[in-house]
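Labels A, B, C and D are assigned to the chains in the order they are written; within every chain, residues are numbered from 1.
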Amino acid sequence: MLLPFPTPFDNDSGLDQRALRSNIERWNASGVAGYVPLGSTGERVHLGDDEYQKLIEVTRARVPNNLAFIPGAGQQSVRATIDEARIAARLGADALLVITPNFYKSEMTQNALVNYYMAVADASHVPLLLYSVPHLTGVTIQPETIARLSEHENIVGVKDSSGDILALAETIRLVSNDFVVLTGNGSGLYPALCMGARGGILAIGCIAPRLAVAIYDAFQSGEHERARTLQQQLTRLTRAILVRYGISGLKAALDMLGYTGGRVRAPLSDSSEEARREIAAVLKETEMMNESGVESLESGVKS
Amino acid sequence: MLLPFPTPFDNDSGLDQRALRSNIERWNASGVAGYVPLGSTGERVHLGDDEYQKLIEVTRARVPNNLAFIPGAGQQSVRATIDEARIAARLGADALLVITPNFYKSEMTQNALVNYYMAVADASHVPLLLYSVPHLTGVTIQPETIARLSEHENIVGVKDSSGDILALAETIRLVSNDFVVLTGNGSGLYPALCMGARGGILAIGCIAPRLAVAIYDAFQSGEHERARTLQQQLTRLTRAILVRYGISGLKAALDMLGYTGGRVRAPLSDSSEEARREIAAVLKETEMMNESGVESLESGVKS
Amino acid sequence: MLLPFPTPFDNDSGLDQRALRSNIERWNASGVAGYVPLGSTGERVHLGDDEYQKLIEVTRARVPNNLAFIPGAGQQSVRATIDEARIAARLGADALLVITPNFYKSEMTQNALVNYYMAVADASHVPLLLYSVPHLTGVTIQPETIARLSEHENIVGVKDSSGDILALAETIRLVSNDFVVLTGNGSGLYPALCMGARGGILAIGCIAPRLAVAIYDAFQSGEHERARTLQQQLTRLTRAILVRYGISGLKAALDMLGYTGGRVRAPLSDSSEEARREIAAVLKETEMMNESGVESLESGVKS
Amino acid sequence: MLLPFPTPFDNDSGLDQRALRSNIERWNASGVAGYVPLGSTGERVHLGDDEYQKLIEVTRARVPNNLAFIPGAGQQSVRATIDEARIAARLGADALLVITPNFYKSEMTQNALVNYYMAVADASHVPLLLYSVPHLTGVTIQPETIARLSEHENIVGVKDSSGDILALAETIRLVSNDFVVLTGNGSGLYPALCMGARGGILAIGCIAPRLAVAIYDAFQSGEHERARTLQQQLTRLTRAILVRYGISGLKAALDMLGYTGGRVRAPLSDSSEEARREIAAVLKETEMMNESGVESLESGVKS
């Protein structure tokens, strides 16, 4: 379970380094396997290059060495993506999660994707994970394409955020056992694990890390019914917060749970009062938050 | 595991009753739980009303009473659907699988679907299962809508052929335990069962009934790894035959395995020579077919 | 300008023959070139076969011989479409508007469409017009395909309801001059004429026949600015009534203008009070309806 | 007629300033009304910020003052877009063509677009044109939204590349007369003009500036039949080169016609030999290119 956390901004909309550090320290204690900053949840596209580097530096300094540190990367051109990948590697990334190029969608054929990722993988100083997130990009990396790319020694995995569990299963059927297939859908962790996925990179995990880890643990120990029941809770949160309200909803929930979520950058818009009320209600119903303190169920989940 | 079998036509493109009877008798011995004729795989839309009734009569006569018999139904208007439902009930249907109306897609809001199914359920003499198959209809019955409809005492289940396992899981989360949620995707039987589905109505099951039943049995007995491995075989068949070649591919495979598949009606077109070669190859690779006889693996699957 | 009129139902939801006759007689006086009953606006899919025939008979008897009479046709299978085409021809159709088959969408390749229409055209006793209406069917007949089909001597035209004026223009570029290209979009009559279309089959024309004819006449006499201004009025009506409220909106508007629109059949639903208020408002604003009588502007349009 | 020209790269894939200057000088003589560099055809997303500025400087120096100079702009965040807009203005842009933000597609509601463009327009030192190009962005600016934005004094027009002539017509119906509506579709110049558009920003115009200008002139002088015939030629070129082969096809055609097109940046790929043969063939067929020299018909178009 890796956390693709949102980027906290301070009141002037600058990077809030203090909040970043404190969030990470709290997540470090939750049993997660690592971090994936600067992806789609991290508003990478709203950050300048300086901010991109600063965030990597600050995060790197707080992530223990036994946890994975895999920043997002990926510009529209091969050359800019390679430049970015080298910077991230130099700043201490263990690996990189590289989103598909997507501006010239109709030309991003499966062959074009193969050429793109091969070129980046050849040039990158750290291993790559592919990132397929069609609802944002309009581009899907097909299972057969992932299988072709999995043969490159510097391409070690994929984050599949398509929500298409059957395609994810097909990918797993086609790749060798050491290629890491991860889901990016909070509603799909348990079924993805059933189909052979190795875990998830889940935005909803930022507010419910222990719940997400508990699903993983239940699955590993063969407790399928428990895993399924916990998944229903995670799905409830995912649908009510992330699917419905996006990054601003996630940030609002973090604020309610004692993390620092903060604001989003325009043209995204911060959660309305009504959205916050609904988010608070679902956090209470799922016992993520109660009067005596936050994460009450969370704390108890593994007991 | 229910079989939505294709309709066999004879050389003059009439209903081939002899083939129909012999196919059913062979499937009866495979461990399936019942039949769903006259759905999308059954080319209902290519049959006249006389043929629709004749096929129900012939099938009814060969389906043992301990198996379910659930013909497809559903015309564009409420009134025609009710007429059809009453005919099917009179001819011995245990229940009906009712496809969404779909011609006026943009007006088929979730409310319109609720009204439609409520009206049909009120009038039908046998229980209904909802049928959501968006790749054919362009209309999706949302989980919340299924939940509303599940409160009608004459609506007892749903066949979800969307391929969206996460939506299927959400449906299961929202309905009560006695509402029957079935998948219609051959690639998705095992993950659907993991999420709480009760089984499947699977066209690919017509050529691999024992394999499909074996997945179900493995899941029921907690043999997840075995279920997952068998699912990969079923997925292989589904993708290579049904996804790629449709009903004519399924019919060609049936012919190769000793059933009678026969031709499709235009504007569908029969499998090309090349298609048949590929289908034969995948049947051999998956050991569905060998030199000494058909269904060799099938026979062994449960041992 | 041909009218694809809606089917009037009486209070018991039966065919209202009296209303049908009186509507036609009023339209006969409006300068339109003919009628296209039993298409998508005519709720063909909600009618039984008896009603289909009865409507043809009644309409045929009221359409003068100098106007075109082109009923809709088209079932999912080739065989059923041929049967239907022969019935319609026997009952006096001058030609038929044949919708694409659409249930097995993914198999309705351009080649499948060629085979379908060729087979129907070979068997039909009257000429055919192709009917491409992708927002209802999910199937588009591409310009190149229309060009191939235009070489069949019994295929004489096409109704393109895609709303894609550029595709319509491409069709015109590819076909010979005697092939009749008609638009089915009320918002697109004038630009379609500019690109070389011969006219339109326009549902909105049922409530504004004189306005639609006036656009055609203005274009023919080279009065482009007048045609463009009149088109803006027709677009206003089309968007506010048909795009927004569909067939039930069109029927409500007909009722307001002294025709008989009547109810729609379920699962379509009749216009709400609010819809009727909005429709009445737009009819007044566009001066289609005033206190002293209906169609006031209409009457004046050609003066 | 404004030209959104492609960015020429030299053999090391750097900006080819010499080619840029020579292309512009040739286009200056063709009767076009101005330039729109650094849009989607200009591979803006493949350029670094330094290259963006350099290209503006070089182009500005070669564009006569009586022609319009409207560079593309638009980053994902409001803040980065404002920064970019100020740089472009400082470097001499007359106005800017601002593409919709598009990464968080599902949150780019019409309200979000209004807020985005209002904020940028408030801060920009030069006027803005909106840019709606849904096939690249997945985001459409609706006619009603354009109308709302047209009330901002610093928003003066829109480039609509949707290919939806009916939506473009609706925009024109809703905005005041001094708001500049331009089409971005080479196949749609003439019908857009018929509906009231003021012109086009047409990539295909880079290889056929005189032909595009001739369509405009014919329309202005009321020669509709001539305009329509010339449009068919432009459509032929657009479909065979741009629709089929994209920017690399356009660059190949420029090379054939004596301009410098040059290579594209990866992950786009240069035209194959086969593509070049087809492009050469269509240039010959349309008499854009002949043995004795390029642009033979072009030269004669206005005579």
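Going forward, a contact is a pair of C-beta atoms (placed from the backbone, for glycine too) under 8 Å apart; a residue touches a chain by one contact, two chains touch by 3 or more.
Treat the numbers as computed from the prediction; the structure is a model and nothing was measured.
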Contacts common to subunit A and subunit D (chain labels): none
Each chain counted as touching subunit C and subunit D at once: none
Distance between the centres, which are taken as Cα means, of subunit C and subunit A, whole angstrom: 51
Centroid distance [mean C-alpha coordinates] between subunit B and subunit A, Å: 37
Of all residues in subunit A, the ones touching two or more other chains: none
Pairs of chains found to touch, sorted by chain label: A-B, A-D, B-C, C-D
Contact footprint of subunit B on subunit A as seen in their complex: 163-166, 169-170, 173, 185, 187-188, 190-191, 194-196, 222, 224, 228, 231-232, 235-236, 239
Subunit B - residues contacting subunit C, complex: 13, 40, 45-46, 48, 75-80, 101, 103-108, 112-113, 115-116, 119, 135-136, 138, 246-247, 265-269
